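In the two complexes that follow, chain A is the common piece, with chain B as its partner first and chain C second.
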Partner chain A sequence: MLSYLVRRIVGGITVLAFVSIFVFGLFFVIPADPARLACGKSCTPELMAEIRHGLELDQPLQVQYFRFVKGIFFGRTYLPGTEAALHCTAPCLGYSYQTDELVTNLLKDRVPATLSIAIGASILWVLIGLSSGILSALRRGTWIDKFSQGFALAGASLQIYFVGLVLQFIFVDKLAWFHAPGYVSPFEDPKEWALEMILPWLTLGFLLSAIYARLTRAGMIEVMSEDYIRTARAKGLSNRTIKFKHVLRAALTPIVTVFGLDLGGLLGGAVITEYVFNIPGLGKLATEAVTNVDLPIIVGTVLLAAVFIVVANILVDLLYMVLDPKVRLS
Partner chain B sequence: MSVLDLDNSTRVLGRSPSAIAWSHLKSDKTAWVSAGVVFFFIFIGAIAPIFPHILHTDPDAFHPETLDENMGAMPIGSFGGISSAHWFGVEPRTGRDIFLRFVFGARTSLSIALTATIVATVIGVFIGLISGFFGGKIDQFFSRLMEIVLAFPSILFALAVTPVLESVLTDAGIPQGNATRIPVMIFVIATFGWPYIARIVRGQVISLREREFIEAAKALGASKWHLVFREILPNLWAPILVTVALNIPTFITTEAALTFLGAGVIEPTSDWGAMLLASVPFYGVDPMYTFIPGIALFILVLAFNLLGDSVRDALDPKGSR
Partner chain C sequence: MSEPILKVKDFTVEFWVDGVWYPAAINMNFQIAPGEVLAIVGESGSGKSTTGMGLMSLLATNARMTGSVQVKGHEMIGAKPSVLRKYRGKEVAYIFQEPMTALNPVYTIGFQIVETLRTHFDMGPNQAKDRAIELLTLVDIPNPAGSFNKYPHQLSGGQRQRAMIAQALACDPGLLVADEPTTALDVTVQAEILDLMRGLKDKLNSAILLITHDMGVVADMADEILVMKDGLTVEHGTADEIFNRPSHPYTKELLGAVPKLGSSVKRILKADPSKGSAPVLNLENVTIEYPKRGRIPAFTAVKEFNLQIFPGEIVGLVGESGSGKTTVGRAAIGLLPIKAGKIEIVGTDISHATQKDLFAIRRHTGIVFQDPASSLNPRLPIGESIGEPIFLAGIAKGEALNKKIEDLLDQVELPRSYRNRYPHELSGGQRQRIGIARALALTPDLLIADEPTSALDVSVQARFLDLLQDLQDKLKFACLFISHDLAVVDILTHRIAVMQDGRLVEVGERDQILKHAKDPYTQRLIAAVPVPNPAEQKIRREARLAAIKK
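Up next, the complex of A and B:
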């Protein structure tokens, strides 16, 4: 078990190393001159030289990468020994000249909004998806099943960038039930936070619950035809025990995988959702950075998102061992 | 009745698996309707250049006479200015004909998505085949590669990489604009799409390569390439078809999403994602402009999803609904 965990973590770190090399290399090698991009409109040759030196672009690429990685673990100081010296504590993900901010601080500012969307929406989609899938499987062939399947199919075929706009039109512009989406800290004003978050939650919750409803239904129907369920019935266990303890538990195992990956992906920035609802999260930061070609921020956001995906992958595998006795034994 | 007559009366018809699948599909009404919808969209995309002649205008032509200058250049008339001249209304601010932009948009969106599908399928099938067949180091390498690609935050990375790849293509002498944007989009969508196909193919190959007919071909001295492409590949068309059918809707929505986020097709070329993006400032006053591409995208993706399910049900005797 421990050796498996170590293997998975080493594998995850390898993947992250590749992602970072790739992103770093791509963005620092290919565009003609990152210093020129970072310099902005009112650029002078002196400023550009300063940026080139400040960003250490005058160093060979492998040195730049090595310092970048070292900065993540131990922090680093830009322009050491000068007046403009800037210390960046670990985990240091670089410095954005365009915004004059440390990337780590920018990311920190944006995490709460993305976290709010992801947590609220995931609770909704799990609740909606599982209950509709369970109902569907237990009442197979009835109108409940048909309705729930239709609901799931619609959710799987609709897009956030369309549903989001339509819901904003109905609930914000016409009915004025909810406030225009945005982000306020829940610790300052919990009511406003909820009112501004509710549309993104509903939209993501509805669209993503579709997959869960389909998976739960298919999983339960498959498990119900297994021999051990017949055995449980023959033993005289109650219907409720069989359905909720035996069937649901087995049917949920594959859903845990999908959930972990979805949540991991969302935590790295709900790019489209944040764009549609204009919420200042990680995804919005990334789209803004792409528009402004702000390379250090792009590298930081992509890397952070990859960390979330890799960590989610490892957690899913661990949870699998807890949930599925077969995996635990082997 | 003598025993000899039996032969004429109850002969068992021998049917190939593909014939069985086809007969399943033929009796599946959902499959027919959804295939009809899919072909309808492909058809209007294909014949899009005819419509400007019928409507006597261009998808890019401005029609200021259809806009109300006092209302911030919004279309005159209800439902976004729908009239006999402009079937789906006109675009706010410019007055371009939405129907024409819609049919040309179908053309762009579908050609990009379908080309990306073909590219991703070819790469995915090829890598899945050699990875599953040769195993060992090759398999390890490609499995790791798939793991890395799948760990990339795809939309984010696609957004970030588009300007970079664009600059590479423009440096190579290709004119800026859609001539570089469209190949980049196809490349990006295919890059993040192939692992899904490769994984399935790899799994199938691993279970096929130990079978007797492969053993037999090997004993007859068949080369490795012959085994992979002549013996194994023809046995895989069913799972490949199912995976592709289920992946097309994802590719279509990714294309629209990339364009919506600004990393896709650019003006004046029409595209459904671009129409949705252009409608964002106006959805409060002119919702029809958002609805038309949005609903069309929904219907098309729904049709592809249903068709994919039908194809899977027909080809996979296990999965009964």
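Up next, the complex of A and C:
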């Protein structure tokens, strides 16, 4: 069990190392010169050389990479010994010349908003998805099933920017139940935080619950025809025990996999959602960085997203061990 | 005779399918007293399982039960679900066929037994655990306290079935419904489980409703027998009456179709294996290993295996599941690589053959698989399935190919018009005929038949074996016939090879193996096969138990 966990973590770290090498390679292969981009309009050759030195672009690529990795673990100082010396504490993910900020600080600003969206929405979509899937499976063929399947199909076929705008029009502009989406720290004003976040939650929850509803329904219906469910009935168990302890339990395993991937992906930045609702999250930061070819920020966001996905996957594997004894014991 | 536990009167089960009620079991009448075993026998689709499940309303929601089913005097038909639940598991407990799928894979067997106990009795967790361990001890599971925490996949097939029985016995039920309880098990394990059930029945004085297609099992267990066909009770009588004086033609037919081990009326094997010539298949010191996968270590499935098959000869390969017989069959035609040793087919060494070499070899070999339903492509009409090997070998196409396909269908005694049908439109027996037609399409020198009859009913099996024999007479191919069923091997083969744990235990002429086996393993295997004759089976059983005690 412990060795399994260690192996999974080592594997995750390997993945992250490869991702970091790969994104870092961007500096080398991209046609645009990062120093030129950072230099701005009133650029002189001297200034270019200075920036190049400051960005350490005059060093060989492997040295740059090594310093970058070292910075993540031990922090680093840019332009040491000069008056422009800038210390960046670990985990240091680089320095964005265009915005004149440390990437780590930029990310720190943006993570809470994305985290708020992802966690709130995931709770909502699991609740909606599982309950409508369970209801469908238990009342197969009835109008409840048909309605919930239709609901799921609508969710699967609509787009965030459409649903998001429609909901915003209804609940914010017309009914004024919720506030215009945005981000306020929940530690400063929890009520305002919730009122501004509720629309993104509802939108994502509605759209993403579709796949969960379908997976739950299909899984439960499949498990219900298993021999061991017949055994459970023959034992005299009540319907409730059979449905929840035996059927749902077995149907949960594939759902956990999808959930881990979805949540990991969303934590890396809900790009469209953040755009539609104008929320300053990681996704928005990443797209802006791409537009401006701000490489240090791109590297930072990609790495952070990779960390989220790797961690989510390790958590899924751990959950799998709990849910499926065959995985645990083999 | 004491008061019966179960009284079934005019019991009918119907299924609502596409707007019509289809009867599955019609006007059943029987009763069982404590300590008695009633066997319901019949072929698949006869309604025997439906009857068993219908007693406690365990069928799907499209089923309708009418008539009367009384358990200890209480009516079950039309009873409220809450009442039914009280009787299920407590008064009437079930044992199902495949304990791997009938036990929930994500819970320990201990948990599942405790769940049964606590559903019916007001018991604390510790008390229930003690009782569960007591039950596991009762069914002779090794290390009961340790097995309590094991998951079904960690136990062997026989142990799983013992756990299933322990669960069924949890509440001291008056009636055990055993639906094909030993069908998925090896003969030796089957004999142990039947012994266990017999012992428990005597100890607990419970009644057993045994549902099975295996006449040997019936002869071993039943006091009374009810024969079913197409939902109707064909004959009902004591074991002695049914086996020794069957009155209904169907009962006679059913008993006649059962292959009997070492019976006096035996077909004379017409084909004369030409021993003098070179073997068609030659396996010399063959070792086959399944390579290491991740942390699962490499597994040697077959060790230093030697066997020759000569032209026109049928050799039976028998052994329990996991003994490596299928592995040998697959390797023999180059479907699996071998680790050491030598395999020759028709004089060609294929031990280290490339895919291309094997392509040529496969024109001389054919294989019939166990499950005809899954070994035929469901999206191809059967004519194409049969014609494919001929077409791929470039032997015939167009009109000539059509002619060949028709000839092959004639050979396996299926109408030519069937060529445009799909596998799901055929019965199991017909599908297996297609499997053999495909295997014989290139008139191979060697046919590998891997448990071709184990998915078939006895009467269908008997016809299939006849056909295989006729074809072999005509075409004179050599055949490696892999089976766990000694009686089938007895009918068909010239020589028998016995395998255990990847090793060849014994090989010899059929009669020599079946009547004068030298190896104790072979002797045990033969002794474990139940014969469809209650009196004889009783003698065999006692002899076997005496041998084990020694």
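Here is the rule we go by: the second predicted complex is superposed on the first by the 326 of 330 C-alpha atoms of A that agree within 3 Å, B and C clash if a C-alpha of one lies under 4 Å from a C-alpha of the other, contacts with A are read in each partner's own complex, and residues count from 1 in each chain.
Keep this in mind: a contact is a pair of C-beta atoms (placed from the backbone, for glycine too) under 8 Å apart; a residue touches a chain by one contact, two chains touch by 3 or more.
Quantities reported herein were computed from a predicted structural model and do not represent experimental measurements.
*Asks:* Do chain B and chain C fit side by side on chain A after the overlay, or clash?
*Replies:* clash
*Asks:* After the superposition on A, what does A:Val293 contact: first (chain B), second (chain C), both or neither?
*Replies:* The answer is first: A:Val293 touches chain B but not chain C.
*Asks:* Determine, for the superposed model, which of the two partners chain B and chain C contacts more residues of chain A.
*Replies:* Touching more of chain A: B.
*Asks:* In the overlaid three-chain picture, which partner chain does A:Leu158 touch, first (chain B) or second (chain C), both, or neither?
*Replies:* first
*Asks:* Quick one: is A:Tyr228 in contact with chain B, with chain C, with both, or with neither? Answer first, second, both or neither.
*Replies:* In the superposition, A:Tyr228 touches chain C alone.
*Asks:* Tell me which partner A:Asp173 touches in the superposition: chain B (first), chain C (second), both or neither.
*Replies:* First partner only.
*Asks:* Is A:Gly236 contacted by the first partner chain B, the second partner chain C, both or neither?
*Replies:* After superposing on A, A:Gly236 lies in contact with chain C but is clear of chain B.
*Asks:* Of the partners chain B and chain C, which touch A:Val10 in the superposed model: first, second, both, neither?
*Replies:* In the superposed model, A:Val10 contacts neither chain B nor chain C.
*Asks:* Going by the contact rule set out above, which residues of chain B touch chain A in the complex?
*Replies:* Residue positions touching the partner: 144, 147-148, 150-153, 155-157, 159-164, 167-168, 249, 253, 256-257, 260-263, 273, 276, 279-280, 283-284, 287, 290-291, 293-295, 297-298, 301-302, 305-306.
*Asks:* Considering only the defined contacts, which chain A positions touch chain C in the complex?
*Replies:* Touch residues, chain A against chain C: 226-228, 230-239, 241, 245-246, 249-250, 323-326, 329-330.
*Asks:* Going by the contact rule at the top, pick out the chain C residues touching chain A in the complex.
*Replies:* Those in contact with chain A are residues 53, 56, 58, 81, 85-90, 93-94, 96, 98, 101-106, 108, 115-116, 119-120, 151, 153-154, 164, 167, 295-296.
*Asks:* Hey, which residues of chain A end up touching chain B in the complex?
*Replies:* Interface residues on the chain A side: 11, 14-16, 18-19, 22-23, 26-27, 30-32, 153-154, 156-159, 161-162, 165-166, 168-169, 173, 265, 268-269, 271-272, 275, 283, 286-287, 289-291, 293, 298, 301-302, 305-306, 309-310, 313.
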